[in-house]
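For reference, the structures are reproduced in the following blocks.
Note that chain A is present in both complexes that follow, paired respectively with chain B and with chain C.
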Partner chain A sequence: MTAIAGHTTAPPRMAASSRQRIIPALLLMPCLAWISFFFLLPLALMCWRSFAAKGYSFAAYTVLFTSPLYTKVMLTTVKTASIATVIALILAYPVAYVLTISGGFRRALILTFVFIPYWVDIIVRTFSWLILLGDNGLINKLLMATGIVHTPLELLYNSFSVLIAMVQILLPLTIIILFGAMLRIDRTLIAAAKIHGAGSWQAFRTVFFPLSLPGVYGAGLLVFVLSLGFYVTPALLGSPRQTMIAQTIMVEASELLDWGQASAAGLVLLIITTLIAAIYNRYFSLDRLWGGSDA
Partner chain B sequence: MEQSAVRTSGARVRLRNLSKSYGAVVAVDGLTLDVPAGTFVSLLGPSGSGKTTTLNLIAGFLTPDAGDILIDERSVADVPPHRRNIGMVFQSYSLFPHMTVADNVGFPLRMRAKLSRDESRKRIAEMLALVQLSHLKARYPRQLSGGQQQRVAMARALVSRPRLLLMDEPLGALDKKLREQMQAEIRNIHRSVGTTVVYVTHDQSEALTMSDLVVVMHRARIAQIGTPRALYEAPANAFVADFLGDSNLIPATIVKTAERECAVRIGNRAVIAAPPAPFAAAAGDRAFLFVRPEDMTLQPASSVQPQDRSGLVGTVKELSFHGDVFKLSIAVGDDVLKAKVAREQCGSFEVGRQVVISWTPNAARLLPATSDGASSSESGMR
Partner chain C sequence: MSARQEVEEYCANLREILAATRGLDRRDFIKSVGGTLAGWTLATCPGASAELPITVFGFGGVWKKAALKAFGEPFTQKTGINIAYQEPYLFAKLLAMHQARAMQIDTAPVQGEEMYQAERLKMIMPLDFSVIDRSALDPRQLRYGNAVGSHTLSYVICYNKKNWPGENHPASWADFWNVEKFPGRRALRTDELWTVEAALKADGVKDSEFYPIDVDRVFRSLDRIKPHIKTWWSDNSLSQQLMEQEEVDIIAMMNGRATESIRDHHAPFEIVWNEAICEGGSQGWIVPVGCPNPHGAMKFLDIVGRAESEAAFARLIYYGPQNPKAYDLIDPALAKLLPTYPANEKVAHMVDFSWWADNLPAMQRRFQLWLQS
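On to the complex of A and B.
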């Protein structure tokens, strides 16, 4: 009896499972087609061009890794991105913490303020720094009016202006990632620390902070990857002597028309960011960032 | 195990008219309770009766709306949780995931006691020996089983020798077998450390077996306080009678009250004798006649002459086997009564048979027929 029953139920079950596999595939098709045509295909072209444009050789890559110009640009890029990341983390941490411990209305209010600049276009935000930091900008005018300085400070077109604008752009995302990580910390652990003798500061230092560190590292990696590719901000606010990699690629492509060199630099940047994302995924799991499983 | 080394004296805890509301929800309503030093007291009640809220008020995680908490005769209203010198075991254990077992257990010492390194290490070793986990001190909590985590939580709660230990359903996440084993262990540990314990549970058998004193909570208030035996044998109201163990609560009308005895009518049938009501009652009042199923004596109706039948006569509706006993449901008029009989006596009762039910007069009690009486869903055979 059982054998027969098993026999009759098997075929429909198999049909169901193969249908279960086909439907998601069908649903993914339009998206896959879009990505292939507008992302993978250009990527492949770029890859091909980086070799083809230099007579089918690695010449473009040799330049990348040997020319002092590229070394300097890469160093500037990594340095700027690192500093921006660290500052963004330091500024975002307390905000994320306050978000975590406050409830309802206060949380919504802070979140709104965090996101208002996020809704403003990145170019508009960058230009607003031009207005604030220029020789005749608001800050210098204030400083001179109050007599603190007599000649305007050089606030613009240097690494200071680039960093300040980058951090401002990165902050909302950093706060949100940290906030997400902190929300996952079990609040009864803090209660457990307190009842067993820890004051608020000690509970934070010995329990909350260590448990928030994986989230900090994760946010750091992600923000760093984002900062590596910044273009508009250093282009508008930075010094031409301290260009970042995205600007150099732009110059190669649109001014020097050296598409092979631009493609090679772009690919290297892509590989670095992918590697970092892979490390992130391995140790911090991209899923968790988006509120997926905690495993 | 060096028992003397871990021994402290328990604290006396008094709650005075304690109240706490969450918005419109009254979670704790005018609680007054005196816990003698060194007592193991359980807060027992159905879900939502205010047990956790009471515990969190004692811990200091919540501030009472009204009333006061005295630990060793001193009000702790202005004392933050970390200075109350309390140990606590949480339902989900709440061990620190980034610390080893030894560091978890040592946490209260690092925060509280300014002990030398050697002294702390000795204390941690002592505590781990007490909960039999010395061999696992280098592990992380996620590498432990539920029962082991539970023991680490106990060790952490007790290591700084607090005079008061709070436990919120500490065994809720364990399976039945392990739960019974841990119940015995917790009792033993309590006996060897001597601290006062306030233990929250909604499991009546757990409360009965473990506690010196049980506080039955119902709808934010105390329904009754007493020793497990007193609560079981002399419940003050239908809620307590029903919540603790199996019970029969037979709706009755008081016919006559006297000093030594009174008489009640069940349905529109027999008038039977009952012990005097432990509450103000007059003839004509409604009440519950309470009898434990195991206190009922059953006889086959055929073996008793009609003129000798002093009890109620009913028909067996259901018979179920529970290992050591049989449980019977017996229809008497519109009421269904529960009875328990020993295995060897069961041969004479079958479904459909007529039986005579009786009990000794002091096995029965009259309980007030309040509105929030036996309405709980906890009734039925267990």
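On to the complex of A and C.
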């Protein structure tokens, strides 16, 4: 993530004592060491391998950008991830809003229901969709028993089943991020709008909603990046047409043992993700998601 | 008592159990194996010596349970060597450890084209026949020289008996491809090797002219069936789900999983053994070069290939033993459901993995592109 965790609401003090600078640095050391050894170093090795494995050349990258397979998989990945993100945001927003305005017991109850599916294993959740959406699944049986349809609907092994399962997996996270962002909105502003004669809807539309947008953008980015890497869901619920990049990388690495190619594909995915995050940050300032200043 | 005598005695005991439990299904068999062996061991080996453990690298789930029951527990009880089980088996991991010169695996069941790769990369230790009893093995189990073959699986056509209750049912790959004669929802595996072999059989290529594979012909044949495939499965459990929930009418899947669904979960399907795409004994247990406990691993290899352990393994997971003597210990009703049962083997199509060892990456990429477009 490119966002810099900056709680810099206070203006920088020029005369800060050296001790005040050393302590945060020391506290960051274990984290930095961990990240360097378990993330940056392997990443560097992977980068090196993507060139070295093909006789120190860009051959692996040429394949990535010229092979129709990779172009197609990459497009499918970005398309699927974008649609899933937008749906997740639309569904999560009202829930997060209700969470913000309700208190105590009701909030705890809603949060519990949001979290329960989050605690269930992804594979279990994915298999449950197979049981629900199949020709002999619950939904089709119900539809046929009530006479709404006569032949089972094609609910599985297409982009519909992939998206519905992805959204279900992404939803708890989206709700929590949005809820966190909305909590930081100063609710007295809405009260002020109402005092000035705005109705509830108008207060929401002209005050709360615009203020919540930075949170929506930030949540959108996090959820999008997460959905780029989906593997189990498209593999089990999609048809080969819904293949996403993580599946292709997995095949290169574990079946074809072409680690140079897999490394190159992984790196390109990382670069694309970072680029998207950087552009996003330029326009929507990710800092706001972490409670930083809106300046 | 010498180590060899102990193994012989263990095998004699296992033979008795196999005979006594002949008609039992899998669940009851597991119970009796566990009970009898445990009691017997307590009586005969009161203090197993503390030796270095061996690390066995295998598949997860049912496979792991079967391997530990059939090979692992008897091995530990006889030799006093504990087993650390690593899962899931992935040749890529083995290769990575080999290249990093940090082999942590003492023995692994390598299969198909991987065996050729392992051979080329000099990853395999020669077998130690002072530990492994060659006379207990069938020559076919030693076809690779440095591996002990244990089991074989097949990619088989299965059809729903509700759709085709009589004699007129799909009985070949040509029938699987024939959507007019046998209409129904179909499923194939998203794996190039099995599906490519099936496509050529469906197109009527004779076994004698099969290799080198005519790649263009493969894709012409695949083009014909593609619009009629309801789903392409990638995971073995998914294939079982499709069968058990009757989401498809004809499915091609691995025989052990099919039998588990049919026998143990009562899926109304029937296996077609004609033209089963068979691994043909290409699997074998190896001891990788540079492993921590090669001697312990050789002792393990002395157990895996024996008729007794192979029979036990087949009863637990329904893959075919490579040691034909195992069939003397298996109930005929179950024997008929195994890929190496003589009648099944005779009508099967054997995969030549030496061709695949050279052509897998190119075929895989072309197949994936075809599949996704």
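The rule we apply is simple: the second predicted complex is superposed on the first by the 234 of 295 C-alpha atoms of A that agree within 3 Å, B and C clash if a C-alpha of one lies under 4 Å from a C-alpha of the other, contacts with A are read in each partner's own complex, and residues count from 1 in each chain.
Assume contacts are C-beta pairs under 8 Å (C-beta built on N, C-alpha and C of every residue); 3 or more make two chains touch, one makes a residue touch a chain.
In this text, all values refer to a predicted model and were calculated from it rather than measured experimentally.
Superimposing the complexes on chain A yields a three-chain arrangement in which chain B and chain C fit side by side. Of the two partner chains placed by the overlay, neither chain B nor chain C lies in contact with A:55. In the superposition on chain A, A:73 contacts chain C only, with no contact to chain B.
In the superposition on chain A, no contact is made by A:104 with either chain B or chain C. Of the two partner chains, chain B is the only one that A:207 touches; chain C does not reach it.
Once chain A of one complex is fitted onto chain A of the other, the partner contacts of A:189 are limited to chain B, with no touch recorded for chain C.
With both complexes placed on chain A, chain A has more residues touched by C than by the other of chain B and chain C.
When both complexes are overlaid on chain A, the residue A:198 reaches chain B alone and has no touch with chain C. Annotation: superposed on chain A, chain B and chain C show a minimal Cα-Cα gap of 47 Å. Only residues 90-92, 95, 117, 185, 190, 230-232, 234-235, 237-238, 241, 245-247, 360-361, 364-365, 368-369, 371-373 of chain C touch chain A when the two sit together in their complex. Remark: chain B residues 59-61, 80-82, 84, 86-88, 90, 92, 94-98, 107-108, 110-112, 156-157, 160, 166 touch chain A in the complex. Across the interface of their complex, chain C is touched by residues 67-69, 72-73, 76, 127, 130-131, 134-137, 156-157, 235-236, 239-241, 243, 248, 251, 253-258 of chain A. The part of chain A that touches chain B in the complex is made up of residues 186, 188-189, 191-199, 202-203, 206-207, 210-211.
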